[in-house]
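Each of the next two complexes has subunit A plus one other chain: subunit B in the first, subunit C in the second.
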Partner chain A sequence: MKAGFWRSASIIAQRDLRVEIRSGEALSVVFPFAVVATWVVPLATDASPGLLRDLAAPVYWLIFLLFGMMIVFRQTASETADHRRVLALTGLDPAARFVGRSAASTLILFPISGMLVIPVIVLYDYRPPSGIWLMIPVIILGAIGMSMLGTLAADVTVGLRARTSLAPLLMAPLAAPLLMSASQALESLIAGGGIILWVLVLVIADLGLAAAGVMSARALEEIAL
Partner chain B sequence: MKKKVLATLTVLALAAGLAAAFTSPPDALQGDFVRILYIHVPSAWLAFLAFGVTAAGSIGWLFTHRMGWDRTAEASAETGVLFTAVALATGMIWGKPVWGTYWDWGDARLATTALMFFVYLGYLALRRTTSDPYRQARRSSVLGAVAVVQVPLVYFSVKLWRTLHQGLTIRPDGIQMDGAMVTALLVNLGAFTLLYLTLMSFRTELARLEEAVCESEISVQSRVTVPQLGEVEA
Partner chain C sequence: MVSPSGVGAPPRPNLIHSGQVSPTPRDQPPLPISPLVDLVDVSVSLGGVGVLSGCRLSLLPGESLGVAGPNGAGKSTLLATVATFIPPTAGTGNVLGTPLGTPQAPAVRALIGWSGHVPALYPDLTLGENLKMLARLCGHPAKEGQLALEKVGLGGAVNIRTERCSNGMKRRADLARLLIGEPRLLLLDEPDAGLDRDAASIISHLIRTTTRRGGGVLCVSHDAARLSGWADRVVEIREGRIG
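What follows is the complex of A and B.
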């Protein structure tokens, strides 16, 4: 019996999450590595408190981009062409696979990006502006966008020898608008303004990526077969 | 024959554009440096058009799987990258005397244009990973369709972000430029559009020939039979 779209997406997401829970790679390897990166930046500067406070937000977004890519690609790298063939033979909707993979990556990326706030606050003596909780939907929308973009980039480069360098090359410039919107939302919050415009930009970007991912899923499945 | 006519028209139009750029009046504030903008602005506009055509070609291929769409997408992406590079380079050359710096990170238009440039370099790098035209099309069509989101982002960046770059010159309430300058700009825009069409026509033809070579290589390989050990005479 063929499972429905959402059921299929849920099965794929559960499988990815189960793999992550068993290996714990995002939490035990990528997250500590990201913390080390936050620790290295002050060593590379004169580490004056004022400069570090100014650097806190940009460093956070940079680490969110680079280590977010590591998490997303790690998730998708576990799937080989043979896995894809088996999934195709089961009659699984490729769009459901895209949605499931992206959902799982988001569920891993969001808590990690939330936890990254702590070292940034501690090491950089960052003083969050009032209403910082408004950044939660911004980070969620950013994580959703990153996950979908990462899944798309991984699918486009599946089976290539240059995949490990090519996928980040494709993803980083495309993810930059997401991060620019997120960082502008924080700037606006610091200036005492609203963030609704930037939330809208992120929602539109996420919807566009979702549409692109779902519509191109069949064509991308053919690449792996 | 048509290509030669198009190429000749392009050369004539570029000469006319150059003449218009040098005979237009200098700007009250920028002086003669404004003439750089007669190359910079058409290059940027043509880059937008080229990436729009790349997206159309990519979507066309995704729906029809006809290689003509992919050839158009590839040729347009290459041409678009060239025009983006020209727009970035001329913008930097103009920026030094007018803004006092080649590159300003506070300028959202500059930063987003550079991002767009890298996205399409990635697109071209993806195409170079295989020589099989059909595989190239399969991999790059999705990226070509998605990457076009950069175009409105670059165009509206001057409205979305506080930026050093001037705002939109052509707006619903009119053109914010002197008449003679607008004429010079339009002549150059026409010349650059012809240049785009010429480059596209030559590049799509080249892509068609590359495809034919690839197909003939596959055909030759399929006809070559490897001799079995027992069949080889001593």
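What follows is the complex of A and C.
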């Protein structure tokens, strides 16, 4: 008798979170690196405060994409082919593995993304519009989408020699709907408009990625083994 | 001793090589026993390169079979094929009553125990966390993972992070995995590599307990003499061909 779907997904997520807590790489390596990256634009361009403020949101989402990919791929790289074989022999549903891995990546990516707002506000003299807290669900939905996309891209490229370069190449264009929706939500908020439409787009994109991940999990698993 | 034909005399008293049980004292007709593993002319290619070619192999319940061969002979691929990880490119195969290379094949994985060259443990987790996680995924209480570690003499190392363990400890912990859930079919790839003599007795114990409860064991190694100590019969594999 094997564990049920959600229990299996939860066990996999716990494993990934435990591995991340032990290594602490997302917080101690990736986050400081991301902060340095936010600092590069004001340092290199010597831009006026007004221009910097305009650049704040695009730079944030760009860094969210690049460092989000880094976090998600680091997570997925911790699993070797032998690990996957052992997991397969427990009767683990590959779809539960996908859900568990994506959930763990989201739980790592979301607080890092949230913390990244602080250096952007400080370094870009950014004045968040009123109701900025409405961006929290946008960042959560963006983190969920990035995590699922990264897990999917890592599974598609598993075993390929050019995996480390191919996976981001695959992921970056597919992340466009997520990033566009998220940045448009912020623009709309600044302009005093609503963000419901963009949140809906994000939800639809996340649901599409979830369906793709769950439905392709078995086939990708068989290729990986 | 290697039997090139692959049909060496099995020492187990209740089984004969034809796949049937010995006649009972009442002379009833022999009952057919389905083999746990039955490969007929199975070939496997990886990346266009033939690794296994026309392999025939049968493993009965209660039997342990050794497959000996040099490096690159196809031993690990043979195990991966039986474990349903690699579908055959030609021939037919059945594992635990399920045809290989079909959508149903993954369903038998939960009944298979496999130990590869390298211990498949997560270095950032403790030995206990590794084994408890696998026990929970198998649907058993986490405690079974700890018990399995105790059985292989690692009861005191439950909280040690795997990356800090010696290779021997990792190998032992990897074998402890196979004690969870009593798999019906054990697949062992060079199982004694990196183990001392005491630890190697764990392998004998695993094989004995599995065969006694009617399971089967397929063990591959480059060392035929070592295999003959564990297996009822030993066959040879060379350049992807058995026998």
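Note that in this section the second predicted complex is superposed on the first by the 225 of 225 C-alpha atoms of A that agree within 3 Å, B and C clash if a C-alpha of one lies under 4 Å from a C-alpha of the other, contacts with A are read in each partner's own complex, and residues count from 1 in each chain.
In this section, contacts are C-beta pairs under 8 Å (C-beta built on N, C-alpha and C of every residue); 3 or more make two chains touch, one makes a residue touch a chain.
Everything numeric in this text was worked out from a predicted model, so none of it was measured.
Participant: Sticking to the clash and touch definitions up top, decide whether subunit B and subunit C on subunit A clash or fit.
Facilitator: Taken together on subunit A, subunit C would fit alongside subunit B, as the superposition shows.
Participant: Contacts for A:E222 in the overlay, against subunit B (first) and subunit C (second): which applies, first, second, both or neither?
Facilitator: A:E222: touches subunit B and subunit C.
Participant: State whether A:G192 touches subunit B only (first), subunit C only (second), both chains, or neither.
Facilitator: A:G192 contacts neither subunit B nor subunit C.
Participant: Where does A:L92 make contact in the superposed view: on subunit B (first), on subunit C (second), on both, or on neither?
Facilitator: After superposition on chain A, A:L92 lies in contact with subunit C alone.
Participant: Report for A:L209: first if it touches subunit B alone, second if subunit C alone, otherwise both or neither.
Facilitator: The answer is first: A:L209 touches subunit B but not subunit C.
Participant: How many degrees apart are subunit B and subunit C as seen from subunit A, counting from C-alpha centres and rounding to the nearest 10?
Facilitator: Taking the centre of subunit A as apex, the angle works out to 90 degrees.
Participant: So, A:G50: does it touch subunit B (first), subunit C (second), both, or neither?
Facilitator: Neither partner.
Participant: Between subunit B and subunit C, what is the tightest CA to CA spacing in Å in the combined model?
Facilitator: The answer for the closest subunit B-subunit C C-alpha pair is 5 Å.
Participant: Touching subunit B in one complex and subunit C in the other: list those residues of subunit A.
Facilitator: The answer is residues 222 of subunit A.
Participant: For the complex, which residues does subunit B have touching subunit A?
Facilitator: Going by the criterion above, the answer is residues 62, 112, 115-116, 118-119, 121-123, 125-126, 129-130, 135, 138-143, 145-147, 149-150, 153, 160-161.
Participant: Mind listing the subunit C positions that touch subunit A in their complex?
Facilitator: Interface residues on the subunit C side: 80, 83, 85-86, 106, 109-110, 112-114, 116, 118, 120, 122, 124-125, 129, 133-134, 136-139, 161, 177, 183.
Participant: In the complex, go through subunit A and note every residue touching subunit B.
Facilitator: Interface residues on the subunit A side: 152, 155-157, 160-162, 166, 169-170, 172-174, 176-177, 180, 184, 197, 201, 205, 208-209, 212, 215-216, 219-220, 222-223.
Participant: Which positions of subunit A touch subunit C when the two form their complex?
Facilitator: Result: residues 1-3, 7-8, 11, 14-15, 18-19, 22-23, 78, 80, 82-83, 85-92, 218, 222, 225 of subunit A touch subunit C.
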